[in-house]
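Note that the chains are named A, B, C and D in the order they appear, and that numbering of residues resets to 1 at the start of each chain.
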Amino acid sequence: MRLSELLGLEVVDRAGAHVGTVSDIRLAQDGPPQELGQARLRVAGLVVSPRHGGRLLGYDRIPYEGPWLIRRIVRTYHHGTRYVPWEWIEDRTGRPLRIDHPIDAIPHLRDLPAGPGA
Amino acid sequence: MEAPVNSPGRAEFRAPAGRVYDAYLHLLDRQIIDPDGEMIAKVDDVELEISDEGVLYVTALLTGPAALGPRMGGPLGKAMVAIQARLHGTGGPGPGRIPYHLITDIGSAITVSAQPADLTIRGLEDWVRTRIIDAIPGASDAPQ
Amino acid sequence: MIGRAVAASVFVVTLLAGCAGPSFSHRDYERKAAHTAEEANAVVQTALLTVQAAGKRRAPRQFLDVLLTDAESTLADIQASFEGVQPPEPDADQLRSDLGDLLSRAGDVLSTLRIEVRRGRLGALPETAGPLTGLHDKLEAFAEEHR
Amino acid sequence: MRRFFAITLGILTAIGGFVDIGDLVANALVGSRYGFALAWVVPVGVIGICLYAEMCGRVAAASGRAVFDLIRERLGPRWGLGNLTASFLVTALTLAAEIGGVALALELASSVNYLLWIPMVGFLVWLVIWRVRFERMEQVFGLGGLALIVFAVAFWQLGPDWGQLIHNATHPTLEPGEGRATYFYYAIALFGAAMTPYEVFFFSSGGVEEHWSAEDFAVMRSNVFIGFPLGGLLSLAIMGVAALVFFPAGVQVETLGQMALPTALALGKIGLAVALLGIFAATFGAALETGLSAGYTVAQYFGWQWGKFVRPLQAARFHLVILLSLIAGVMLMLTTVDPIKVTEYSIVFSAIALPLTYLPILVIANDPDYMGEKVNGRFANLFGTVYLVLILVVSAAAIPLMIATKAGQ
């Protein structure tokens, strides 16, 4: 499958409540090492935003400061973005993607200890 | 390195160890270059494969109109895929494919350990080179 | 269907507006005349400045040729555009012929200037351009009066 | 001397923004129509382009990535394609106009009709892009364009009343009969020209062509802080002589010949010859800048190999895009469309391209992934934000004002 097929998918919680849409996919390089090149890269989880669009600027994740005004606008727009670990998804082929936890149990992205690249 | 995340009232999970990338932010739409800095293509999409344990692994970078078209969507996206399917060169009708194991660095560009000539992903470049540009005198000279 | 009808009627209205041209009252016509005089005056001024450069041997023939040819054709365009406007009533005819006369005389001088430049008689230009100064004043007065 | 040659990229880039064919005539027109009442726009534009050229130069030196890489990466393929379409149209239309502009300059020197020069000019532009090394190209045409300094000399020779001039520039008033909408239309046109997007495409790609690295920040900065103010100065000088010669006479400058006339009046044949040389070099330089930028934008969006630092054979699609743009430009000019009008209409596409170009630059100049230690400071972010807001306002106002004033009539 292609990575872009996951982007924009709707995500619902155990009870069917709307969580948001997939706005990015977090990859982790902790797979088994290979003969050549780098360790394998696996899908670790989904970044799920309650809003569409505007996601590429990266302000909702990278801890960088940036111009104050743009940071405020983007972070306000993406307020409530959550992180769904890949293993929480019950049925990876079903649409929408359903999580085996209630919405309140899904952590907010901003509460995660370290951003990507850390 | 695995650190459990505990948020009050929330379920626990294991935060990923090792390097972490956000695919859209760090991988998609970045420039792919060879070790000498020659530009090869853009990361137009990424191929994922599911393992027996249900883990999705990145298996290749996809390039060219057949990869970009579906992301673009709409009639334009369809046209890109159709044109690629009709005019494909040595690479076949699908997108260009750079296997994951060739990647040596993920930074502001993605470096792969292969020469562009060894990857069958540049059908149009080859066609333009041999049919048009090579026919113009001075095409293989360094500028003076 | 409705969308197409609307588009068609917009198209027709645009077409009619383009063909019929604006309808002029006497005052509109007068304003148009004053505006034409102003535009013509700018051309005359440019020609005078060009001749000034020529008189002091400050510019080569090719350059003067381009500027004076431009001035001549611009003035011809201005005149043609004014003469294309229908005077609203007989008492506008005087206005039309007064301005037309000034424009024709300026046009004649510009033509002579262009001919002399192409013959390389740069020294003669200031004398040939002599009447332009008077025409400039008259055009200015005309524009002032009818503004 | 070597140090001086190192800043020619900045000068050549600025020429495309401040004194290309459209701006040569627009500056003179504004001077002839408004005197010094619009002179304040030029420094405002110079500061804006300096800010953003410095940012994208820093990104290029730190990461080796040029501006359209950043646009595609942060805006994604769709918005990126929208910007590509608008930017490419601005650039290609300007390229066509510059070909016409070089031909008009040759007409002034030879009195041979400009239409006859157009195919030859198109071929020469292509030949320079095809064969001449990037550094040599920027030295010849960047320094040649500096001949326009003759307008500053002419301005001084015409002996303006400096006190009055400064008063008029700092207390702008409108002549009776001049509308505010038209005044702001020209203010926007001048500002838009100063910040025209192909300047940052060319400047950042030129940095990559010259293999800038993290050690070259000083060279990059001197390019920015000398090159663009010089461009602004040339632009002000042209506006100034027109204000002195044509404004009192009530003439509105509309042709390249009128624009050059004051140098003949003030300095004679030598002055005029230098001015024509400067106009030729500046329009030719702008043609090279826009021609290359047409190739840079498309190649960077799609990830193709680009640049003059490799042999043409290694960047086949890049050279094909340039070749096709040049052919299209020559054909457009041969329809006898007025080159100066063409640049006026390209402002419509600029309105779309400007914010979509400058936003990603501002964002990535803050991204430590790209920049390491060299991320924007507070100053750059504060003024970058102010200018981004200004660009948004200008973009929103450009098209309505253009329609309302019938492009400044």
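Everything that follows uses one rule, which is that a residue touches a chain if its C-beta (ideal position, glycine included) is under 8 Å from a C-beta of that chain, and two chains touch if they have at least 3 such contacts.
All values derive from a computational prediction rather than experimental measurement.
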Practice problem: Any chance you could check whether A-D or B-D wins on number of contacting C-beta pairs? | Solution: B-D
Quiz item: So what's the Cα centroid distance for subunit A and subunit D, whole Å?
Solution: 42
Quiz item: From the C-alpha centre of subunit B to that of subunit D, how far is it in Å?
Solution: 34
Quiz prompt | Inter-chain centre distance, subunit B versus subunit C - centres from mean C-alpha coordinates, in Å | solution = 62
Self-check item: Length of the line joining the C-alpha centres of subunit A and subunit B, rounded to whole Å
Solution: 21
Quiz prompt | Where subunit A touches two or more other chains at once, by residue number | solution = 56, 58, 62, 117
Quiz item: Which subunit B residues sit where two or more other chains touch them?
Solution: 24, 26, 28, 71
Exercise. Give the residues of subunit C that touch two or more other chains, as numbers and ranges in rising order.
Key: none
Quiz item: Considering only which chains touch which, how would you classify the arrangement: line, ring, star, complete or other?
Solution: other
Quiz item: What chain pairs are in touch here?
Solution: A-B, A-D, B-D, C-D
Self-check item: Residue numbers on subunit D that touch subunit B, as the complex places them
Solution: 63-65, 69, 72-73, 76-78, 80-81, 130-134, 136, 299-306, 308, 310-314, 316-317, 319-320, 369-370
Quiz item: Where on subunit D is subunit C touching in the complex?
Solution: 107-111, 245-246, 249-252, 255, 257-258, 260-261, 264-265, 267-269, 272, 276
Quiz prompt | In the complex, subunit A residues that touch subunit D | solution = 56-59, 62, 64-70, 117
Quiz prompt | Residue ranges of subunit B in contact with subunit A within the complex | solution = 3, 5, 7, 9-11, 13-28, 45-50, 54-58, 62, 67, 70-71, 100-104, 113
Quiz prompt | Contact footprint of subunit A on subunit D as seen in their complex | solution = 73-76, 359, 362-363, 366-369, 375-376, 381-382, 384-385, 388-389
